[in-house]
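Just below sit the structures, each encoded as structure tokens.
Okay, so chain A shows up in both of these, paired with chain B first and chain C after.
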Partner chain A sequence: MNPLTQALISGAMSGAVYALLATGLVIAYHTSRVVNLAHGESYAVAGMVTAAISGVGFSLLLAIPAGIAAAMLFSFLVERVLLRPRRDWPVSGLILVTLAAAFLIRGVLGAAMGVDGFSFPRLFVGPPLRFAGGALPLQGLGLVAIGLAAALAVTLFLQRTQLGRQLRAAAENPDAAELMGIDVDRIRTLAFALAGGLGGLGAVLLVPLVSVDFESGLGMTLHGFIAAALAGMSPSLAIVAGFGLGLAEALATTYFGALAQDPIVFLLLIAVALWQSRLIRFGGTARA
Partner chain B sequence: MTLTRIVGLALFAAFAAGTAQAADPWVIGIIAPTTGPLTTVGLRQLSAVQWWEQDVNSKGGIRGRRVQIVHCNDEGSPEKAVTCARDLIDKKSLLILNSSVTGPIRATMQLVTQGPVMITPSPNVMPEASTFVFQTSPSDLALTQAIADYLKENHADSLAIIAATDASGEVGVASAAAIFPKSGIKYDLARIDLRANDASVQLANVAKAGVPLIYSNYSGAGAAAVVKSYSNLGLTQPLLISYANISDSFINVIKSDMPPRLLGTGLTAVSPELITDPEERKRIEYFVTSYEAWKKEKMDNLSLQGLGLADTAAAILTQVDDPSNAVAVRDFLEKTPIKSIATFRYSRESHIGLGAKDISILEYKDGRWVKAAPLK
Partner chain C sequence: MTAALAVQGLSGGYRSLAVFREASFAVEPGQTLGILGPNGAGKSTLLKTIAGLLPTQAGSVLHDGVAMGGARAHRRARTGLVLVPEGRQILAELTVQENLDLGRAAGRLGKPEFAARSAEVLAIFPRLAERRRQKGGALSGGEQQMLAIARALLLDPTLLMLDEPTQGLAPIMIRQVLVALQALKGRFAMVVVEQNRAFLDTLADVTLTMRNGRLAPDEKGTNQ
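Right, the complex of A and B next:
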């Protein structure tokens, strides 16, 4: 096997999920100014609900939409029940509220489904595609293709549709948007539900290749946040940053070992942050 | 209230207090991760020990006293394990059963230099014979030797190893370096982070054409990443999983990606028909029937490790005059073989209870672990 090819394949698969998570995190951030630390829990919710439903014998065609719907419902509730009534709070307080929501749902998932890991069968079944000394499982190909398409579709939705423009307007200046007749509350709820759906989509595509347990969410939030930060919280760059993060992790592991993965990724994050602050200081545009 | 009534109440209170004192339970502490990535390791062992608690208490306890198991969840963290050990010592635990993993167990060993006796099934912990720590499994060196012997029996001279980056992985790497070259076996090694959900890069680095066996030394549910990635790459060599992963919970996670041949290093007792000692066989058969009826789950390598802990505690409580005397308990263990899942034999020179003869290379076939067929 060719380690470089395999690293690129592996990095693309992880990167597709990071791109979905980062896009969702950025959308929610832009409408609420809150970094949703419970965002990765939408991944855990979707993965575990899908595993539970398919585990009792229902078809994946039912289990997968149910898993994604559960993730959307969870994100919707975070905004509707926890954030909206506290919109007067400082942003730092709201971020802590989302962290509390993350720990709450972890506890609920652990109590409801137990602490063991879960998985479920693949949607795309068949021998892996072999090329250039690497192997790409069909589920992995589906993950990369669907993940990329979904993240791109959301980006285009934000840029090209009226609802997307309303969403961005609500983020830029909620008071002005309200004066223009935009229902900002509705827009925020929509953004959170959409973000949850992206996290859920990542789960139903990736979990068959790995596994999920009630504690999987926090790691996904961290990866999504790193990718979003690398993208400067820009929706259009979140996809590139997500794939870049996945590839950087895989290449670091291949050439420097597993112990070097975290230091290299965080070094990359620091370097990008310094570069962005240089842009701001020397005439570039400030990022969100 | 009349004087007679007051005297009567006082006499009753005195009698009740005396009865309570006589019936004070034997307190046994257990440290086991029941949340976190090592949950599968801790839960199964804890369940077996709790099975013993209800089983022995339903028969009247030991020497007229009930057994009370006090559990502390260390989440697989050394810091929390130390807090657990302090707490269990404060609660006057006669023994500490430690079902955690290498790092946390090592951290707690410093707290029992004067007792109480600590008993652990972790093969990665090889306690000095001068300590109060005893180990109820074969050592990791013995487990690694069993793999080397299996390869040699099958005329194979190489393997690929995936090891985690935690303390357990470090022990596995050290054992591989000590055993395989001496046995004329070449190996390629790749490490994987405990939080990683993909091991295809590591497997691509080591599972080269012609390598007859892949050994995942990684313990805990996270090792599912190795099995899933093995399947993602379409590999065909037999995959051998670690001692701590011979469990139903692990099989449940990987069942949709089962390798063509799944092997494991396990206690011979996992496959009771391989047991030749009638007393050990009887004990395991009773455990299998009773445990499965009580817990509604199948016994596995981890529950057997829990049974080993319970049987050791039972032998101490039954045969040592004063189980709160750590020196007496240590002397007893060093002199007395204990029949359980195998016969634990400690001495003044070794606190490791089992050896290579108690290990088998097992294979998962038709929903159960049996002796592994030859490597092709």
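Right, the complex of A and C next:
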């Protein structure tokens, strides 16, 4: 087996999930100015709901949409029930509210389903594709292809559709958008539900290869946030950053060991943050 | 005849701070009302309150005879109560065409009517037609003001409020904005807030002044 090829395959698979998570996080951030620290919980909710429904004998064709719908509902409720009534709070307070929501749903999932890991059958079954000394499971191929397609579809949605333009308008200037007849609250709710759906999609594609438990959400939030930060909170760059993060992690694990993975990823984050800060003056004005 | 806008005993501001108090006036359909006043007098806060961006502290706003109550800004815009805010507030990251297309969000014009209105608006502001693919942030101040007015026209206003439309513009651009607004005068009611008396003297039918949060008749009263 070629370790480089296998690292690239593994990195592309986790990178697809990070791209989905980062894209969702960025969309929700732009419409609300809040970094949703409960975002990764949509991954855990979708994974565990899908596992639970599939586990009692229902078809994956029912379990997967139900899992994604549950993730969308959770994300929708975070915005509708927790954030919207507190829209006049400072952003830092709202971020803490999302952190509280993350711990709450984590507790609910743990109490409802226990602390064991769950998984469910693969959607794409067959012998793995072997090339250049590596093996790519069909589920992994589906994950990369669908993840990339979904993240690109969201980018196109934002650029090419009337609703996408309304979302960008609400993100850039909520008051101006309201004056144009755009219901900014509705747009925010839509953005959060869409973000939850992307996290859920990542879960139903990746969980059959790994597993999910009630604590999986926090790690996914962290990875999604790192990718989003590396992308400078840009939706289109979030795809590239997600895949880049996945590849960096996999290469670090392959060549320096699993313990080196987190330090290398965080060093990468610090390096990019320092580079980005060189472009910004105090007060937030970009240097020419 | 029902007034396009009837403001009765309106007070507003930020949280518990009242910026203007007990404003009362009416604007008839097709009439242009000017409001003069220095910086900080409360003019912009008054318009934002009428538009629904700020909550009403007391009093009422009736648009075409319908009480606006606590309706948010997007609902008021969908009834044709349209504000071009101070500083234009165009969407800098969207292209000129995308800024204009957002006018569909209000849903006041059907697809063919919107297309016809777009053509009409671009005929009024030909500079925008030349710059359709450029981002709003790349336009000059005068072009941004034209875009802000053009965008408002695509909402099919029955009442158009403009907050300091000449702010920061060169004299030649002020003349162009004035010509455009004069061409539109009479089609719908307008409320124009300005510090530029000459501009209002040319445009407004009636002018009020605002000082320290209170509205009063202008010394010139009716202009025409």
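In the analysis below, the second predicted complex is superposed on the first by the 280 of 288 C-alpha atoms of A that agree within 3 Å, B and C clash if a C-alpha of one lies under 4 Å from a C-alpha of the other, contacts with A are read in each partner's own complex, and residues count from 1 in each chain.
Assume a contact is a pair of C-beta atoms (placed from the backbone, for glycine too) under 8 Å apart; a residue touches a chain by one contact, two chains touch by 3 or more.
Since this is a predicted model, take the numbers as computed values, not measurements.
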Touching partner for A:P127 - first (chain B), second (chain C), both, neither: first
Which superposed partner A:N173 touches (first chain B, second chain C, both, neither): second
When both partners are placed on the shared chain, which of chain B and chain C touches more of chain A: B
Which of chain B and chain C A:I9 touches, first, second, both or neither: first
Which of chain B and chain C A:T254 touches, first, second, both or neither: first
Footprint of chain B on chain A - complex, ascending: 1-3, 5-7, 9-10, 13-14, 110, 115-122, 127-128, 130, 134-135, 137, 139-140, 206, 208-211, 213, 215, 219, 250, 253-254, 257-259, 261-262
Chain A contact footprint on chain C (complex, rising order): 51-53, 72-74, 77-78, 82-83, 85, 89-94, 98, 101-108, 151, 155
Touching residues (chain side chain A, partner chain C) in the complex: 162, 165-166, 168-169, 172-173, 175-184
Residues on chain B engaged by chain A in the complex (per definition of touch): 34-37, 39-40, 43, 165, 190-193, 195-198, 200-205, 207-208, 221, 224-225, 228-229, 231-234, 249, 252-254, 256-257
